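Below are structures written as structure tokens.
Two complexes come next, and they have one chain in common, chain A, joined by chain B in the first and chain C in the second.
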Partner chain A sequence: MATLDLTGIYKQFGSVTAVHDVNFQVQDGEFMCILGPSGCGKSTLLRMVAGFEMPTSGDIRIDSESVTALSANRRPTAMVFQKYTLWPHMKVSENIAFGLQLRRLPRAVIEQKVKESLALVSLSGYEDRYPAQLSGGQQQRVALARALVLEPKILLLDEPFSSLDAILRVRLREELRRIQRRLKITAIFVTHDQEEALTLADRIAVMNAGHIEQLAAPSEIYASPSSLFVADFIGAMNLIPGTVSGGRLMLGALPVDAPAGLSDGPVTVAIRPEDLVVLDAPQASAWSMTVEQISDLGYYRRAILEMPGMQSLKIFLPKALEAQERGTLHVYARRYLVYRDGNAPQEVVRGLPVSAA
Partner chain B sequence: MKDDSDTLMTTLPTPAPRPSWRKAAIAYALIAPPLLLMVFLIFIPALQSTARTLTVDVNGTPGFTLSRYIAFFQDPVSVSNLMFTFQITLITLLVIFLVCFPLALYLRFANGRLAGAVQVLALFPLFVPGVILAFALIRFLGTRGTLDTMLSIAGFTGFRTPYLKPDAIVFGLVWESIPFTVLVLTAGLRQVSDALIESARDVGANNWQIFWRIILPQISRPVLIAFSLNFLGIFGSYTIPYLLGPAAPQMMGVFMQQTFGQYRRPDDAETQAVITFLICAVVGLLYVRTVASQRKQEQDS
Partner chain C sequence: MTTLQPASPVVPGFWAGTAASFRAMIRRNGFGLLALIVLILVILGPLYSVVLWAFAERWQYPSLIPQEFGFTFWERTFARADIAEALPFSIILSLVVTLLSAVICLPASYAFARMKFRGRQLLLLSFLATNAFPRFGLYISIAVIFFRLNLIGTVQGVILIQLVNTLLLMIWIPTAAFQGVDKALEEAALDVGASRLRVFMQITLPMVMPALSAALLLTFVNTFYEAQGALLIGLPRVVTMPVLMYSLINSQLIVQYGAIVSLVLWLPSLLLLIVAQRLLRGGYLTAGFGV
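Here is the complex of A and B:
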């Protein structure tokens, strides 16, 4: 049972600001993902929670008690690293037992706990193997067992599955989620893989250039990205530059509905591919565009559409819809977000034009 | 494979693999010269010497005898010199590790300007020949040497020079062994990744526990290599003990030289040499086993 509070966390490496004013709270039993592009400071943030890096300023509290001044070996956190970090000279059981031995637990208790934790990660019977005799996936499971056996208040994971192949990665993250739910342990999971974050997290903190851009549930991050960066980073998105003048919003030469009360000036309009619907006839409020390219992705197709005076758009097409390259499609945006100057976006939702119904 | 495969499809001519006996022959031809050199310059003379120490002339026919060895171990001077050599070697080794482990750990984990300077300093003795080092140490440690002068300026007059005492040998040998030992240990320590150390700290280990339980077991090979090679160098050392050490007892190198050159007893010198050689061979074997096990592990993984 544990909560984690970060207040005003900064981290400076020489002239590089790796983490910039991070503030958030992780609730008891919550699974939080930190998601962001390479080099945005995810690992640095996690390593400050673990105690491997000292924040330049700010406070880290676990269960309301500051741990900022504690060294890593005194913090109630346990970490699973990206690289394989089992100690090669110790057997699996010794790797897991090491932390317990440091806590001077009786031998019988240690043996019992090692056994239970191996069962938890489905590796019973692997006690006497050496790390070199395990596959990458098995090694990471042992690393997870080694972290969990200490019953940490906060479990930290830094891209633990990123060196595994895609199928194994999916399997292990499902297993991790199951274990985390069962133990109700508070966890922070760092990844640059948005699918991983969207499937695992209770909440996602999207990080960019050292700071948190948005912290919300996956569905909310997907539906209302709070900034252009998040809009672009999460999922497929069409970002179209536009201008507002006299209350009218122009995308290139085409007018679209503007949200109320928008003053004149440049904006960016974000449309998810799935919010573009194909009409069967041209409409004043729809765009007639040429199909540039169609890619078959199994149960749906992705197409790239073009028209003069407008940038190309990504769109998803159902299999049943007839479309071919060089053909024309009439598309209509039924929902979009309008961004201006780092402010929260304004949402526009439109009903379908009458004749399309 | 079928013979007609070439008629079914056009294949690029692949170079015929060299027969393995030819590869082996080339390899042996390449290593033959140094190997022969070693056989003729080292192994055969050593075997001949050893054989001579074990033979006695009985009316013109050679016979087997241990008398020379019995004489060596019954001679109190010989035995005390052998014991002294062991003593100096083990004490020197202990001091070397006490000095070099902190240095190597520092060089492994620190970075920046100071670490660079320490690195250069640690390697410095490598470029100083033993004789020069010995005279420098005499100047520094001798009566009215630099240290003595500095201490008396500071008002401390009780300084007794270690020059011509066993301590001076240890001092000189330690100084000579630092670069090699630091190099080997630092290279070994670099094999232990930061992540392995961090994960140990993460489960609660302090620096001391990390050193004993995580680092040391993983660098046992470099430690054994440093131990055995230093042992060989120290046990058979000559220059430093000759120039810095006492007249008695003597280390085996000095003892041999005196027996041979001053007392003109080449037979006894030969016996001393064989005994020294056998002791070193045991340690040499330890080294060979360590290196071989490392090689085997590298091949396995």
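Here is the complex of A and C:
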């Protein structure tokens, strides 16, 4: 059980800056996800914590002690890799026992620990299999057992489920969360899959182009993304260019309420699809839009709406609502965020118009 | 359950059917059969004659097989001082050359596989050079240098010239094998606390072992049979088995000596073939590779 502190971490590969001034702390027992598109530097950051890459500058501390100068084999971290990295010439039990043998534990203790860790990942009885005889999901579970059996201070996971199929990915994700909660181990999980991050993490660090855009709890990241990048990257979002002039905010030809104190100039308005409500009659403050396309997603429908002088909007429709393609819907944005110049957004929350259903 | 019927000894038309199917087979596989027969004649023919000669006491011209078989010439062959000396010498020499080659080439091939440096590709290709041109020309120019260095007729000289031959195999095969080991597997071992040396010994090396043992076996066998270099550099004082066989075949009237020595020379490659098969088939080297 441990804390991790990253202070002023930079990583330079030649002329490319892979990681740019990263600072954060992971609390004891916290599950932190580093989320970002491929090439954003999230794996490099994790590899620096593990000791596979040296930061160009900055300090990494585990339990307040600097590990920056320690090589990978001396750090109290254990990693689960994206690729299958079980050693093919060793049985499952030997794979798990390898690190324990290096610590010169008595044989009986090793056997006991191997057994327990296999039970933890629900693979009891697989001791004598070779990795080639396991499925991808089983291999990653053994890799998790191999990491956990060493009782590391920090557990590192580098997109461990990305090569598995969707159903298995979800199941292993849940299992991982359960194990992490039970062991109360400090964990960092790198992923490009926002759903994975949103379901697993206590906090998410969203990374883009080498730096952290936002670090917050999943609900906060979803509700108030601190930058346009995060707004676009997490969840479905309508991003609409607008202009402010004389305290009025125009989206195309349509006025909406502007946040107070906004000076004139271009802005971007972000509206979540679920913040768009459908009214049963046209209103001055609502937009009457044409339904371009409806996709039925089971318990709800997703529609794309269009309107001249305005870009198309994504919206979620309840099953009960009657709507068909080429029909008209009157939609009203009850909550949106206004972004300008990379600054934190201003939120606008509006009550429904009086005659709304 | 059906009861098993005892096979009837006489099946009507059995042979007729066989003959018909044999004719059909000839029609279908005529070319293949012909090729097989030619192969048997060309490859097994000489071998057959060598084996017969090795055990022949007397074999005169018109007869297809020797008139008399026996082991007299075996005794006489191994009683020869030159053979008694050359055989163990050749084995030890091949072992030494293989070992030296491994010591020199394995770290190099690991570097080729794991490091990126300028001229890597060119250097790798350069090992092909010894095989790209007629070797004897190369040997002669080496011999000129060795002559100045007083290496002609010395064991060191023979070891050096034979090492040249081993470079290609001992660099290329292990390099490919090391490249086949995913770096992440080594990182995973580092991660659980293994030192670099331990990672190499316990993770990387076992994984390349099948390829590595193939390279070692091939190197040993190639060196054991190498005659040109040893002939040019070693003579007159250093005589290996293949060199000795040259002189036995060229200058002896007794065919049996040559035949027996060739049989003895086959032995290592036969043995190594068996060992190699065991290595590759037996579970412990390839276990987990899904082979």
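List of remarks:
Here is the rule we go by: the second predicted complex is superposed on the first by the 356 of 357 C-alpha atoms of A that agree within 3 Å, B and C clash if a C-alpha of one lies under 4 Å from a C-alpha of the other, contacts with A are read in each partner's own complex, and residues count from 1 in each chain.
FYI, contacts are C-beta pairs under 8 Å (C-beta built on N, C-alpha and C of every residue); 3 or more make two chains touch, one makes a residue touch a chain.
Being a predicted model, the structure only gives us computed values, none of them experimental.
In the three-chain model built by superposing on chain A, chain B clashes with chain C. Of the two partner chains placed by superposition, A:P218 touches none, neither chain B nor chain C.
Look at A:G36: by the touch rule set out above, it reaches neither chain B nor chain C. Of the two partner chains, both chain B and chain C are touched by A:N73.
In the superposed pair of complexes, A:R146 makes contact with chain B and with chain C alike.
By the touch criterion stated above, A:Y130 is placed in contact with chain C alone, chain B being left untouched. The intersection of chain A residues touching chain B with those touching chain C, taken from the two complexes, comprises 50-52, 71-74, 77-79, 81, 83, 85, 87-89, 98-99, 102-103, 132, 143, 146-147, 150. Contact residues on chain A toward chain B in their complex (touch as defined above): 50-52, 71-74, 77-79, 81, 83, 85, 87-89, 98-99, 102-103, 132, 143, 146-147, 150.
Here chain C touches chain A in the complex through residues 182, 184-185, 187-195, 198, 202-203, 206-207, 285, 287-290, going by the rule given at the top. Across the complex, chain C is touched by residues 50-52, 71-74, 77-79, 81, 83, 85, 87-91, 98-99, 102-103, 130-132, 143, 146-147, 150 of chain A.
Of all residues in chain B, only 193, 195-196, 198-206, 209, 213-214, 217-218, 301 touch chain A in the complex they form.
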